Amino acid sequence: MAKQQRTIITCAVTGAIHTPTMSDALPYTYDDIAAQAIAAAEAGASILHLHARDNETGAPSVNTDDFSPFLGRIKQATDAVVNISTGGSLTLSIQDRIKPAATFSAEMCSMNMGSMNFSFHPLAKRYGDDDWKFDWEKDYVANSDGNIFRNTFRDIREAAETLAPHDIKFEHECYDVGHLYNLKFCMDAGLFKAPVFIQFVMGILGGIGADIDNLVFMKKTADKLFGEDYRWSILAAGASQIPMATTASQMGGHVRVGLEDSLFISRGELAESNAQQVAKVRRVVEELGCQVASPDEAREILDLKGGDRVNF
Amino acid sequence: MAKQQRTIITCAVTGAIHTPTMSDALPYTYDDIAAQAIAAAEAGASILHLHARDNETGAPSVNTDDFSPFLGRIKQATDAVVNISTGGSLTLSIQDRIKPAATFSAEMCSMNMGSMNFSFHPLAKRYGDDDWKFDWEKDYVANSDGNIFRNTFRDIREAAETLAPHDIKFEHECYDVGHLYNLKFCMDAGLFKAPVFIQFVMGILGGIGADIDNLVFMKKTADKLFGEDYRWSILAAGASQIPMATTASQMGGHVRVGLEDSLFISRGELAESNAQQVAKVRRVVEELGCQVASPDEAREILDLKGGDRVNF
Amino acid sequence: MAKQQRTIITCAVTGAIHTPTMSDALPYTYDDIAAQAIAAAEAGASILHLHARDNETGAPSVNTDDFSPFLGRIKQATDAVVNISTGGSLTLSIQDRIKPAATFSAEMCSMNMGSMNFSFHPLAKRYGDDDWKFDWEKDYVANSDGNIFRNTFRDIREAAETLAPHDIKFEHECYDVGHLYNLKFCMDAGLFKAPVFIQFVMGILGGIGADIDNLVFMKKTADKLFGEDYRWSILAAGASQIPMATTASQMGGHVRVGLEDSLFISRGELAESNAQQVAKVRRVVEELGCQVASPDEAREILDLKGGDRVNF
Amino acid sequence: MAKQQRTIITCAVTGAIHTPTMSDALPYTYDDIAAQAIAAAEAGASILHLHARDNETGAPSVNTDDFSPFLGRIKQATDAVVNISTGGSLTLSIQDRIKPAATFSAEMCSMNMGSMNFSFHPLAKRYGDDDWKFDWEKDYVANSDGNIFRNTFRDIREAAETLAPHDIKFEHECYDVGHLYNLKFCMDAGLFKAPVFIQFVMGILGGIGADIDNLVFMKKTADKLFGEDYRWSILAAGASQIPMATTASQMGGHVRVGLEDSLFISRGELAESNAQQVAKVRRVVEELGCQVASPDEAREILDLKGGDRVNF
């Protein structure tokens, strides 16, 4: 089991689930993604988990051209670790999905540790046909009952081998107990080296639910499988985001917040920004006795290559 | 939580994972499937979980023509409940996969409660190129690292709605904690009615591992989500098949054995037949104080429509 | 499992473990106990768990004469529920220990659900011989390695039967898993009626440790044994007091703070008062989305007889 | 976590709870204790956990004179490890209770890791006033609702220090989660050295109940507290004795059976002898793939001083 000194706050700024209609605060232009990421870092996030979106429509994008405009500005303005998603599309191949991480040779990138249903179609019912800001949104949300978030064992191997020369640390997103076993299988096959960084993802329809029972069990399972060879964080979707992060911080875990994972600042109240969520979780975990990690402390805890070895 | 009176033994006779090379005992001809199913019933199995295979090559099949030859003979010779798989192919659509269950209007059919990696490629390394009995086997096994066992929320809805007129009871195969949440979501949407019958599937690469920690947690989660509205059984793949079944029987669970799930009778020793596994698990659970359910007791416990309402 | 509407904060004002030397804030005079209890109620505590002490020396007391001076003043100044300890002495008989609860016919009283070692002797090493404010303190602390907190099944029966006419609701203090089984045994014997109110006591040397694993397991066990027939709260001793209370509030539990259980407001920093702990836990649990119960809401949640039916 | 090679069967031959009235098979004469112990060893028990009783009345005894007559005969006839109880009386001091272990300098002795209620008074209702074989039995059983099994931290220290020169390995009987914490506290204080041997005692009224949830949690807690520094076994009282032992053996645990812990061979059927229970548990655990340890294998697993260094 990994003991932590400091609590790392990751902020997932925009993601690929929520759509512009759902919250005016959700950033999708290059400018807004950059600004909110920088503000999140200033509020205490030491890792910025980033997706790109189309600058005009807000549609999720894995084009490197949609990353460039904000990556440079974020690097210039903050020392935070940049973590680039490899999960930004449910239809594209693994090679397409890892291209941004490889192109920019980020310090970190995410990696979903299996295939699964990944659905948010119940959200569609909250909006009338005229409510949607952009054309793509309604179908994107409503049709997600047919979604499979795909990462076969072969895909994972391909991603690991392609990215190996970049010395990128993975944020292994584990949506269920079996994903931990998958990670163990891949480690035993030599694909990832210790310490691995595991993100327990809870509360997505298709994965494990978000409650403290499940968190305790995910951690127990990770202890059983990985011993001292892992670090971990929690991402709880929706209203339980900050409460679950608080409990995780008491168990020695790191925490992830951000508008990718929840649009809310408290039950029923939309967050104004990513930074507002970062500030809130920071305030609570510090009040309960944890101290927040700086970017360099995060680099040390996770054994990262350093912000000077990226390609942006 | 569901208390059991009697322990139901399901026997999964042949499945779609193992190949003829792996054990001479694995039945694939119509004759052998029928004979082993009947012997399993005589040994104490009250439910027979059945896949079809090509009569010549043993390749997995979802053709109704490959079911007919053995279904009638099994019905004639035993009173056991027939349960027809809907998971016999990783490439075909849900409509193709549920066709046998619908055609024969079985009392039960299986239903995988989500999508997942489903791999057995490590088995390929145990055999040399010349070891394989049939041409299809090697690639089938070796390429399973690219497999996704697909059942989106939309697929599940389609299957439930198509099969609703047949009053079929599902064996909800849950390979991970999230699959229980998926089932809960589907029950809340009205797709399945209580009591549901959940098969905890443990030890498949891609799903949750097979140990007692995981079994206890799966059951706790089911208690939390379903209260009194479920019955459950365990299927542990490989060498832990009978030991895990034994523990489950002590927890009030039903058990599944059969060559689909394990080719072994004890560690390192191949089973001679499905009936041998049934007899062994029966002997052990009875020695520890459980009593085995007859087919009619199984029908009562699971609230089945009855063996006279099938179409074969 | 019991769902809560509001979170009840209990404040345990002085107890019988800590001694005046350990913190200047620990109240022991009649005046200070009254003042701190009232301030705690004003800060948000709806239940006041009270022990008496000698007005001159601060030594724990179960004399009714040491309760009277503050009980009336507390009743006059607040509407909070008064809960009188039955555990204030490790040497006296159960009849002596329940006398204050019976004499004053309080709305609630505590009840330790078993016998156990109950030791705080390691604290003695923190003080030099000249540090102790009062003569009794050193031996009281240092000799606690020989302590048994005694409540046999016969003692529990005697207390339950003696107090039955007073319609007192018990705070069943459960220091370990077996104490839950003891409570179940006593409920089955008709000694206590649902809903029972269980205080999970964690982190006392002799009982279960204070961590989230243990909290989850205590609650799971209570769910298993009591179903809907219980309400629960947590008391974590020492530095984990407020963090554990925070997690419990997220699980639907009530919380107990106060200088009886911890002298600290954060790691290494002594609390200035009971009210300071109440205010802090209130602030955190409200920030995470819970609402604090008023005394009348607490009375409704726990099914109490009412503040007008006490004898002080 | 401790991996086992072989499964050690301990047989607890007579104990101090059951009385002669309850089963004709319960040995209490010197001859019968010797004969049943020897037969248990021949059936596969590699450790014999022994109490003495009065040769005439069967009343529990801690007199060394009541041990001598059978100890020598057991040593002569078997190579099994002798383990002498230190818990044979609820009224005598720790010094009296450890005297047999010290006098005979056994390879092992038991040690209850805390104080607790320890009651079997419900058994008294099963017998009419005229049913009792001996005068002492009825009160002994009926009054156990007032029992405290006493082992304060000071008692434990005294026992550990007194027995240290004898190089005795303790069977640390842990009846609840808190007892594991007590053991950890004592190990940190230097009283016991690794690997410690923990007996999880389940199903005694006053301690944790006997089910698989609790077993898994006890083991998880031991893993958390002791890492690789412990070996463990299970003792489940009453009808769950052999089923729980079976599950424990699958989890890497050792097992304890014997008439001290259960008078039954299956639900509702009295065992004919200790050896019958040993033979049954051996048959089941071997059928599920474990192998039983010989006395010398048990000595190696538990790091015992050897059968040639005892004083009888």
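Of note:
Going by the order they are written in, the chains are A, B, C and D; count residues from 1 in each one.
We take it that a residue touches a chain if its C-beta (ideal position, glycine included) is under 8 Å from a C-beta of that chain, and two chains touch if they have at least 3 such contacts.
On a predicted model such as this, the values are computed, not experimentally measured, just so you know.
Chain copies chain A and chain B are related through a rotation whose angle, from the C-alpha fit, is 180° to the nearest 5.
Ranking all chains by how far their C-alpha centres lie from the centre of chain B, first place goes to C. Mean C-alpha positions place chain A and chain B at a centre distance of 36 Å. Chain A and chain C have CA centres that are 42 Å apart. The geometric centre of chain B is 52 Å away from that of chain C, both derived from CA atoms.
Touching two or more other chains at once are residues 213, 220 of chain D. Chain B meets chain D in the complex at residues 211-213, 216, 220, 239, 242-244, 246-247, 250-251, 266-267, 280, 283-284, 287-289. The residues of chain D lying in touch with chain C in their complex are 114-117, 119, 121, 145-148, 150-155, 157, 175-178, 181-182, 185, 205-209, 213-214, 217, 220-221, 224.
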